[in-house]
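You will see subunit A twice below: alongside subunit B first, and alongside subunit C after that.
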Partner chain A sequence: MTTENKPTVLEVKNLWVTYATENGPLDTVRNISMKIRRGEIYGLVGESGSGKTTLARALVRYLPSNGSITKGTITLGETDLLALSPREMRKVWGARVTMVHQDPSKAINPSIPVGEQIAEVARVHLGMSRAQARHKALEMLEKVQLPDPESVAGRYAHQLSGGMLQRILIATALTTNPQFLIMDEPTTALDVTTEAVILDLVRDLLHEYQTAVLYITHNLGVVARICDRVGVMYAGEMMEEGSIQQVFKQELHPYTLGLLGCVPRIDMCKLDIDLHTIPGFIPRPNALPHGCIFAPRCAIAEEACRQERPPLVEVAEGHLSACRRWAEVADNMQKIVPLEKDREEVDQQDVPLLLDARNIEKQFKLRRQGLSNLFSWKPDVVRAVDNMSIRVRKGATMGIVGESGCGKTTFARCIAGFEEATSGDIFLEGEALPRSIAQRSKSTLKKIQLVFQNPDASLNPQHPVGVSVGRPLALLGNVLQSEIDQRVRELFEAVNLPADYVNRLPHELSGGEKQRVAIARAFAANPDLMILDEPISSLDVSVQASLMNLLAELQKAKGTSYLFISHDLAAVRHLSDWIAVVYLGRVWEIGSAEDVFAPPYHPYTEALLSAIPLPDPAIHQERIRLHGSVPSAVNIPSGCRFHTRCPRKIGTICETEDPPWQNVNRFHSICCHIPLEQLTAMQVPVASETGKEQP
Partner chain B sequence: MIFYLLRRLGMILLTLLLASVIIFSVTQLLPGDVAHVILGQFATPQAVENLREELGLNRPVVVQYWDWLTNFIRGDWGISMVSRLEVRPMIMGRLRNSLMLAAVSLVLYVPLGIFLGVIAALKEDRLVDQAISGISMAFAGLPEFVTGLILIGILAISLDILPANSSIEPETSFKDAFPFLILPAITVSLTSLGYIARMTRSSTIDVLRADYTRAAYMKGLPRWQVLTKHVLRNSLLPTVTVVAIGIGYLIGGLIVTEAVFGYPGVGRLLIYGIQRRDLPLIQAISMLIVAVYSFSNLAADILYGVLNPRIRLGG
Partner chain C sequence: MENIQSARPLPTSRAARSLKRMRRYPATMIGFAIVGIFILMALIGPLIAPYKFSDQDLVNKLQPASSEHWFGTDQFGRDIFSRILTGSRDVFTIAGSGTLLAVLMGLTLGMLSGYLGGAVDETIMRFMDVLLSIPPLLLAMIILGTVGPSRLNIVLVVSFLYIPMVSRVVRSVVLDLKTREFIEAAKMRGENNGYILFREILPNVLPPLAVEASMRFSYSIFLVASLGFLGLGVQPPSPDWGMMVSEARTWFNLAPWILLYPAGTIAFLVVGVAFMSDGLRRMLLPGGVSG
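Now for the complex of A and B:
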C-alpha cells in the first residue's frame, strides 16, 4: 500500500497560472508545489472555482489560449516539461501523459467507432501497424472488462452506456502505459452503482500499471475510496495535503473540516443534525482577502489570520497545512461539526396522509430509428412507470431513490400532472385529482409546486428573479399587486437571500443562489406538497449542505410535505422521513428512512448502499456491485425485474415469478423472493457506526 | 431505412401534389385571359371565344386541373401558347444548361466556402476570421448584377480573357460551353460562398470546443489529423444541408445572373413565360423547381444520415 519509497514521477514547484482577461491578468493558480510518485493516486479536492482543473491542465501544458504558466517548474520523470516545444509536447501527450475526461459521452467522438479511437493512439505513439493497433485496442477493451470487445470496438458512442464509455476512455488512457494520468471527475456523470464499479476497476488497473495519477473530484467519498494522498485546494492555493488517513482523520485545516462537515451522513438525518455549511463564497483571484484567503469564511479565524497569509508548512511527516492555528483545528472540531440537535420524535401513525398515489402507470410510445424500423411498423412501448404506489404524509418527506432511468422523475411529473399518467389514481388530501394538469383547478395547482434540478433552465433569463418569484403570487396566491413586493421580500428572507437581489437577473447569481430563488418561487404559492427533483445534484457540497438545511428548516416552519427525488442516497437519508427504492418503474422497498437503511434490505437497496462512496477511509463497506446498466423499459425482464443484475438471485423462481411483498414491520416492506430472515442473516449493516473497521 | 425512404418519397409526392394545386390556381387567378393575350387587344369576341374553345379554357376549372395534372404526369407538358412549340423539350434543353452552370458553380464555391469557413474557425475572432467573414458576407449581400457587371468589366473587357456574353446555342457540349460558364459561375459563387463559409465556421467552432476535440489533442495526435479526422467529420454535417438547399436555388433561382450574362437557363425561361403569360410553360417550370427543391432536400437528409452514425444506426 505504501508508495513513499517509490520514485517521484511528477514534481511541481511553485507553480503559478495566469489567465489574461478583460479585467487584467488573473492569477488562478498560485504557488502550488506537489509530488506524485509511481503507483500513487493523488486526489485533488475543492469546490468549483478552486482551480483544480486549471492546475491539471497546466500540468500537461494544455491551457486555453489566454492562460499561461508564469512561474514555477514541472518535471515529469527527468523531463522539464516547460522547456519543451509544442511539437515535443505533442509527443508527451498521449504517450507519457494521458487524461480521462469528465463526461465520457462528450469526450468520445460521436462519428468514429470507439475501437478506432483507441487504435489511433497505438499507431501514433507505439508505431503499430493498423492490424497491430486494432489488436491492441481489443486487448485494452478486454483489460477494462468490457464484454465482447470485438463488437464493442465497432460501435459508436451513442450505442454505449455512460459506464461503458468511461471504461473506453480509461482503456484509451492506459494504451501507451503512460507515466502520468490525469482523471478529471471521471465518475461524476455516472450513477452511483456504475461509479462504484468503475472505481473498483480504476483502483485495480492502476495498481497493475503503477501509473502516477492525479485524480480530480469534488466528492470526498470517492477520494477516501481510491486515493493514497490528497490535496485540498481553495481559490487557487493548496490548503492542506497529506495521506488519506491524515487528512480524513486528523484534519489540520478548517476548510477540510468544513468540506467534510457538509457531507450528509448515512447514519444520521435532519432530526439529529444540521449539516455544517461554509458561509460565503470562494473569492475571485482578483479580489483575494489580505491575510489567509479562507479567513472570511472560517469559523476559527482571528485577527492575526487577517493580517498575513500563512504559508503551507509541513506540520507532521508528509502532512502539510496552510492554517496558522492548525494545532487548534482538531480541538475545535466539536465546535464546528456536527451540529447535533435534540431529536423530536413524531409518531408517524398519527400523521394524516397528504398524497396518496395509487397504481400509477405511464407508458410512452417510442418510434424506433435506423435500420431496425425496417421490420417494425408498430412503435415500441416504454413502460417508464409501471404500477407505482406512493403515499406522502403531512409535513413529512418521502424520498425516492434509484438509478437514472428507473422512472423516478416520470413518476414525479405524473404527480405534478406534466405527464398525464396512463392509469392510476392520485388523491390529494383525500380528493381525487385529474391526471392531466390542464384539468386541474387553480387551487390544486397551488397545492403542488416543483423545484427542478437545473435552476438555469427553470428561471427565465430575461426576468429579474423577484419577478419570477412574484408570478405565482399573482397567478395562484390571490395576492394584491400592491402586496406582492412585500411578500417577495419575505420569501427572499426566508431562503436567506439579500432583499436587494429581487432586481437581479438570473445570470448575476451563483448556482446555489439561483436554486434558492427556485425554492422561494415554489414556496410562493404556499404549497402543501413540494416536488423536489434532484434539486441539489448540480451544486457544490457546501452549497448542497446549506440548501438541505434550508429545506429542512422551511419544512419545519411551514409544515410542507416533500417528494424528494435523488440518486444521492446520503442526501435522501438526511432529508427523508420515508424512502421508496425504485427500479424499472416499480417500488421494491419502502419504509421509514431508518428502516430502509438497516437490514433486512432489498438486494437492490443493499447494492445501492454499498456503492455510496463514504468520506471516511476507516469504514469498511461490503463490496456488492451491480454490473451492466438498467435494462430498457421496453423489454422489462420477466419475474422479478431485478433478477438480471441481482447479486443475491436464488434461482429460476426469480426469473419466472413476480416476487411477493413481505412486511418487516407495519411501515417497512420489501418485495423479494428471499425470506426476510435469510436477508437479515446474510446482510451486514452498510457502513453504519456498527460497520466493521478495516483490519 | 427503406421505411424511412418510402415515407420521405410519399411526403415528396404530397408536396408536389400540393404545389400543383397552388401553381394551377395561381395561374388561373392571374388577371387577363390567355386568349386575349395571344390574340392581342383588338381581337373580335368571336375569335377569342373560338380560341378559348380550342384551348379548352371554357371547361370547368377542376376538369382543366385534372387534365393538366394527368397529362403532366404522363410527360405531356403541353404546348407553349406563345411559340406553339412543345413545352417539354424547351424546358429540358434549358434544364441541361442550368445543370451545367450549377455543377461548375458547386465545384467552385463548396470547397472554397468550406476551406474559408474552417480557416476562419481556426483563427476565430482574429483578423483573418474577420476578413473572411466580412468579405464573404459583403459579396453575399451584393446583388448579382453588381458583382456580375464588375466581373465582366475586369475579366471580359479590361483583361479580355473570358467572354462577356454567355448566350450559348442549344445543344452546345459541356466542353465547348465551359468558357462561357466561368463568369456566371464565379458570380453565383461569390453570392453563395458566404453562406457556406459562415455555416462551416460556426459548426467548426462548436466542434473545436467539444470535449472530444480536446481529448484528441491530448492524445498527442498530429494537428492535421485531429482536424481532418476528428473535427471535420462532425463539423461538415450542417454544411451538407446548406449545399443541398443551394442546388434548388442554382436550378431555378438564378434569374438575375442568367439575365446579366444572357445565359439560357431555366430561370430566364420562366421570366420569359411570365412576361408572355405562357401558362403551360410557367406551370411546368414551377413544378420542376419544386421537384428539384424536394429531391435535393431528400438527398441532403440521406447524406446527413449516412455521415452521421447516430442517424445511420439509430439510438
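Now for the complex of A and C:
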C-alpha cells in the first residue's frame, strides 16, 4: 500500500500561525511544511499543547477570530487556499474539506435525526433533491457498516451509542467525497473494543475513497495501526517526520523515542521496567528556549544544542528529523529510555489477603419514564454488579479491566462504601466491613482511600492544595500543626511536587500535578488499600507514565495494596500483579497478570487484548473484533452473558447454560464453556517476549 | 524517578487576574464607580446637603435647576437635591438589609435543602414555589397593607420576597457540588457533616452567591422605590425616592424635573448595581457556573 507515487492533495509550506493575546502575539505554529498525498493517512502526534489542533484548523483556515496565518502557503489540489475569499472558503468547507471531531455526542445536533443531518450535507454541497439526498444518506450509513440504516437514519443522537455516532460523523464527512479529511482524536472518547472496530473501518473506507487524511492523536498505537506517514510535533514545530516504518523502526529524534518509551508495553510490567518519562513541561510559545526547543527536556542535549535551533533536515528519503544529533539517537537509546530492570521475583502467591469481597451485588431500581410508569408498579432493575468476588493481597495490585458499563466503577464504589452493596460481604484483614460508609468507624474509613479519575473535581477549588493534603492528618486529632506541615512537606516530596506548591490553589496546577496532589492526599491517611479509579486516563501519555512510575514506587515503599480500575489494558498490565476481567457485572477471568495476558484466555479477554493498538507496526495482531456495545444491565442475556458478542460462541449451550469455572492453575481461572485445551489450541499470544507473533 | 519540573512559575495572584479581567469590561468599572458614589452619598450625603430635606420655601416652589438649587425645588419649595441625598440612606438601609436578610435566609435554606435532600428538600422547595407563584408586588402590597408600612416591615417583606430566588440558586450550586469527588474524598476520610457543609461546600457557594446578592440588591432598590411610589414605602416626611416620583406626577406639566430627578437617580443606581453584578459574575465565575 504505497502512496509514494500518488498526486499530492495538500501541500503546506513554511506555515506560521499566530494568536493575538493580551500578552502580545503568540506564534503557536512555526514553520511547518508538509505534504499529504491522495489516499494517504498522515498521523500527527505530540503532547497536548504542541499545536496539533491549531495546525489542523489553520490548514483549512478555520482558526478562531484571534488566530491568523502570518506566513506560508497552503495548496489544496490546485487551489491556493490563502487566496480565497471567506465566501469561496465556505464552498470548500464541507465539500472539499471535512472534519471528524473527538466527541461525537457534541458534534451531532441532538434535535435533528441523524439521517437528515447527512442528507442536508448532500443537498447543500452536492445539489441533490430531497429524495436523492435521503437515498445518499442511507447509502453512506450502509458504507459505515451500521446495521439497519433505515431505522438508524430516523433516530436522534441520544438514541445511539458513542461508536455508532462516530460512524455517523465519518459517514457525514465522506458524503461529499472530500479531497481532504481531518480527524481530530476521533476514537479517544471510545472504548478500546469500539476503537478497534472504528479504526478498521476508517482504514478500509479511506483506502476505498482515496481521501487524503490528517489524523490527529496522542496515541502512538493508533498511529502505528492506521497511518502511512507520521509527523511528531512539539511546541508548535515538527520534530520528526517519516513513513510509519521509518519512524517506528528507527527514531531519529529523542522526543519520538521518549514518547514511545512512555507507553507501557503489554509484555512487561512494573517489575521489569520503569516507564520512561519526559521531565518538565512543554514550553509556552512566548517562552521558547534558545536553541533546540526540546533541549531542556532532552537526555542527550549538549551545549551546542542550546546555542542554535537545529533545522528540520531530510536524513533519509522522506525521513526528516530536527535533531542535530540524529545519527546518535539510536546509539544513545539507553540514555533516553530506561532499560529493563533485573526482576526481583516476589512470590505473590502466598501473601496474606487484605481485601476479600465476596459475592458483591449492586442493583439500582430504575424509575420508568413516561406513560409506562402508570401501568406498571414494578421498577426495572439494573444489575450493575452481579455477584462479583475479588480479593486483593497485601502490597499487591489487583487490576480490574472491562469496557465502560461493565460495572467496574460501581464495584469500586461498593468497596469504598459510597454505594451500599445490595448483598455480599466485604472483609478487610479478616474483619467484616459494614456495607455503607455511614456505618464504618473512622479508623476503618482511613484504611481505604480513593484516587478519582478527574483531578479537577477531586480537589476543592477553594482550598490550597497543602490544606487538602494536611486535612486527613488533622483529622487524627492531637497532632500539632507543625507536625502536619512537616508531614505535608514529606508527602509532597514523595509525589515529586515542589514544597512551595502547598499554598497554591488547584487551578494553578496542571492536570498531572493535581493528580499527584490527590495521590498525596490519599496517602496522607496511610491507607492499607487504595482504590484507583481510572486515575491516569484523562492525562497525556508522558504524564501517565510518570504517574504510573510514582504509584509503583509508592507501593513498593509503603506496601499499600491497590485496586486499579482501568479500561487501558496496557496500563493495567504494567501496574497489576493480579487481573480480573469483568463483563456485565461479573468476573470472567481472574489470575496473575502474566497468566491473564497469555493463552488460554477467555474469549472476551482475547478480544480486549487484540483491540489494544500497539505502538509497533511490525507486530501482527490477531484481528478479533467485538461488534455492538455492551448489552443493557437491565436485560442481561441468558446463559453466558457474553454470548451475544462472543466471536468463539460454540452453540446453544452458550445461550442457555451458565458457563463453568475452569482452573488453569491454582490462581488462574476462566469462566467459559470451551474446554481449556481447545482455547489454548485456538489462541495465539498477543505479544511474546520478542514482540513478534509466534509461528 | 525523574526529577519533575523545575517548578513552574506561579501564575499571577487571583486578585490581580480578577482586576485584569475587569479592566477589559469598562461597563464593570462604571458599575463599581456608580455604586461607590452612591455609598459615599448615603454615608455623608445628609451632612453635606445644602438644605434640610424638610425645609419649605413656598416663595421659591417649583423652581428649575439653578446654582442655588441644583436639582430645582418641589411643590413646597423643598430642595430636591437635598431630598435625594437624604433619601439615599433609606434606600441603602432598607434595600440593603432586606437583601442581606434574604441572602442569609436563602443561603441557609438552600444549603439545607440541597445538602439534605429528600423530604426536607421537598418541603422547603414546595414552600418556595408557593411564594414564587404570587406576583411579588402584589404580595408585598397585601402584606404591607395588612401590617402597615414601617421600615422594619418593608425590610422583612423585601427579604421574604427574595428568599426563594436566593435559596434556589444556592440549592442548585450545592446539588452540583455535592456530587463532586472532593466531597466523596471528605466522606472517605471520615469528615462530619458540619465540616463538609461549612468548609468544603460553603466556600464554593460564596462566589455565585455574591453575584446573586448583587442582582437581588438592584431588584430590591426597585421594589422599595415601587412600594414608595404606591404609598407603601417609608412614610412622609422622610424623603423616599419612590414617593417623590409619585407626588411629582401631579406637577409634571408644570415642572417635569421634580419627577425626572428622583426617577433618574433610581434608574442610575439600578443600572450601576446591574453593571457591578455583571462584573462580579465575570470576575468570580469565569466560564460560568450552574445556578
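Everything below uses one rule, namely that the second predicted complex is superposed on the first by the 675 of 695 C-alpha atoms of A that agree within 3 Å, B and C clash if a C-alpha of one lies under 4 Å from a C-alpha of the other, contacts with A are read in each partner's own complex, and residues count from 1 in each chain.
As a convention for this text, a residue touches a chain if its C-beta (ideal position, glycine included) is under 8 Å from a C-beta of that chain, and two chains touch if they have at least 3 such contacts.
Since the structure is predicted, the reported quantities are computational estimates derived from the model, not experimental observations.
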item	value
First, second, both or neither for A:H125, with subunit B first and subunit C second	first
Partner chain(s) touched by A:Q159 [first = subunit B, second = subunit C, both, neither]	first
Which of subunit B and subunit C A:I36 touches, first, second, both or neither	neither
First (subunit B), second (subunit C), both or neither touched by A:C292	neither
First (subunit B), second (subunit C), both or neither touched by A:I565	neither
Partner chain(s) touched by A:M99 [first = subunit B, second = subunit C, both, neither]	first
First, second, both or neither for A:A520, with subunit B first and subunit C second	neither
Contacts of A:A133 with subunit B and subunit C, given as first, second, both or neither	neither
Subunit B versus subunit C as contact partner of A:Y62, first or second or both or neither	first
Subunit B/subunit C common contact set on subunit A	none
Contact footprint of subunit A on subunit C as seen in their complex	1-8, 10-11, 14, 20, 180-182, 184-191, 200, 203-204
Interfacial residue positions of subunit A with respect to subunit B in the complex	60, 62, 90-95, 98-99, 101-103, 106-112, 120-121, 124-125, 156, 158-159, 169, 172, 368-374, 377
Subunit C partner contacts - residues on subunit A that touch it in the complex	22, 274, 277, 279-281, 416, 418, 437, 442, 445-446, 448-450, 452, 454, 457-463, 468, 471-472, 475, 496-498, 500-501, 504-505, 508, 510, 518, 521-522, 525, 546, 549-550, 553
Residues of subunit B touching subunit A in the complex	1-4, 210-212, 214-222, 225, 229-230, 233-234, 307-315
